[in-house]
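The two complexes that follow have chain A in common; it is paired with chain B in the first and with chain C in the second.
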Partner chain A sequence: MASPYETVILNLLFREGELFGLELIAKSNGFLKRGTVYVLLDRLENEGLVKSKLKDAPKGSKGPARRLYRITGSGETALRESLAKRSQIDGLLGLNGGAI
Partner chain B sequence: MTKFRNRHDQLIRDGEFLREWFSNESEKLENDWHRLEDLPLDLENMRLAKAELHLREKHILRKSNRLNYMHTFLLWEYGILSAIENRIGLFYSNANEPKEKLTTKIPGSSARFVLRMIFPKKVFERVFAEPISDMQVEYIDALSKGNTPHAKWIVARGRMIILATVAYYLFSSTIGKLIRDLLKPTRMSD
Partner chain C sequence: MVPLKSKYLRSLPFCLVLSFAVVGIANGVLVTFFSAGLLAGLALVRNTVFALSVALVLRVFLSLIRHAVVVAMQADGGGFLLSVASYLNRHDDRVVSSTIADIQWEIAEAKNQGQYRRAQWVALTGICILLKTAIIRKFYSLTDQIRKLVG
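Presenting the complex of A and B:
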């Protein structure tokens, strides 16, 4: 089962499609932190749950090429499993879901 | 500097005085030659007067040659002094002017260099290059809006984030990995 942080990343990528690291942080409403998100994304990429590609900065804006992340098929499966297990745990504990 | 300037002024004054003296003397001699032609002198007195004027002419010529040499020498000295003064002036102006940086490194370039040297290329590009790029993009954005205090804050925060990323990466790739490996059999038994 993926950790809560990993599940949030997978969930956001599943819902939004492709996202940059900063967009993931912004859309998590402060749940993901700048100092940890890229380490988590690297781990997810190593496990084959996420894929990334370098995308050039948009025309007119200055800056280096940025890494754009998207969820893979395995990632979607892992997300479903993780959400199911979490809902089971939440049901056992009588909780109605958290940040995820 | 003042000493050199005074010497320059003196040389210029001397040069002007000598030129004026020489032209006055030459003018006087020429006038005397003209006056001599009009004077009602007999042949002997005319010869004596002409000999006197020739002597004066020779004297002026000698003096003018000497003056020319002296003037050349003064010009030479003036040139040397000017060169020295310019050099000293340049030295003083260089010493007093604040040194400006012609190029400025963007924040994070040193961190990028160091981390690229320490970590494997793949890890650097995936884990550390991104927070550095985030900081640089936000920094440039704040500067382009003229918000320098915010840009400085972005750099300070960016440095902390990079340090936190390094610490978290080292922790998760060593102790964290060990814990995850220990938990794996439990997951399989589930």
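Presenting the complex of A and C:
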């Protein structure tokens, strides 16, 4: 089962489509931090749950290309499984929905 | 011999004032109190002259960092970050390159909006993240080596 952080990343990518790391941080309302999001994305990419592509910086601005992430088919399956397990656990504990 | 407790109590106000004067104010409340604690500890285990020397070195070091960040912001924040990152991590992998690219983009955005303070803050945060990454990697590499040695 994906960790809460990984589930949030997968969920955001599933809902929003393609996102940069910074956008993930912004859309998570402070749940994801700069120091961890890229490590998590790297791990998810190694597991084949997300895929990334380089997007060049706009003309006239300096700096390296940014990485744009999107969820894969395996990622969607992992997200569904993770959400199902979490709601199962919540049900057992008598909780009504979580932060994820 | 001066009792430990009274020596500590005597050195603490001195170091607090010293810290405010030498390190603090310009660098924020947290840094000031951290350095006050550090200096009080140093004065306790060594002596006040040693604590004063450390305070001065710390002050110069902090000034250099601030100066480097300001220069980087005025010129090219990205280049500065890249050199720091490549020095700290020694190689360019996906995590480091993604972090740097996004931080540079945020710096450029802040600069375009005339928010130089925010740009400096983002650059400092970026350096801290890269520093943390380098330290964690070093730690993992060391524990890996120890594990191999122990078998």
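The rule is short, and it goes like this: the second predicted complex is superposed on the first by the 95 of 100 C-alpha atoms of A that agree within 3 Å, B and C clash if a C-alpha of one lies under 4 Å from a C-alpha of the other, contacts with A are read in each partner's own complex, and residues count from 1 in each chain.
One rule holds for everything that comes next: contacts are C-beta pairs under 8 Å (C-beta built on N, C-alpha and C of every residue); 3 or more make two chains touch, one makes a residue touch a chain.
Being a predicted model, the structure only gives us computed values, none of them experimental.
K.L.:
Since both structures carry chain A, what do chain B and chain C do when superposed there: clash or fit?
P.N.:
clash
K.L.:
Look at A:Leu41 in the shared chain and tell me whether it touches chain B only, chain C only, both, or neither; answer first, second, both or neither.
P.N.:
In the superposition, A:Leu41 touches chain B and chain C alike.
K.L.:
According to the stated criteria, A:Phe31 is in contact with first (chain B), second (chain C), both, or neither; which is it?
P.N.:
So A:Phe31 meets neither chain B nor chain C here.
K.L.:
Under the stated touch criterion, which partner chain does A:Arg67 make contact with: chain B (first), chain C (second), both, or neither?
P.N.:
A:Arg67 contacts both chain B and chain C.
K.L.:
Just chain B (first), just chain C (second), both, or neither: which does A:Phe14 touch?
P.N.:
Once the two structures are laid over each other on A, A:Phe14 reaches no partner at all.
K.L.:
Residues on chain A in contact with chain B in one complex and with chain C in the other?
P.N.:
21-22, 34-35, 38-39, 41-42, 45, 52, 57, 62-64, 66-67
K.L.:
Contact residues on chain B for chain A in the complex?
P.N.:
Against chain A, the touching part of chain B is residues 123, 126-131, 133-134, 136-137, 140, 160-161, 164-165, 167-169, 172, 187.
K.L.:
For chain C, which residues are in contact with chain A within the complex?
P.N.:
Residue list for chain C touching chain A: 76, 78-79, 82, 93-95, 97-106, 108, 125, 129, 132-133.
K.L.:
Hey, which residues of chain A end up touching chain B in the complex?
P.N.:
Residues of chain A touching chain B: 1, 21-22, 33-36, 38-39, 41-43, 45, 52, 57, 62-64, 66-67.
K.L.:
Please output the residues of chain A touching chain C within their complex, sorted ascending.
P.N.:
Contacts found on chain A: 20-22, 34-35, 38-39, 41-42, 45, 52, 57, 61-67.
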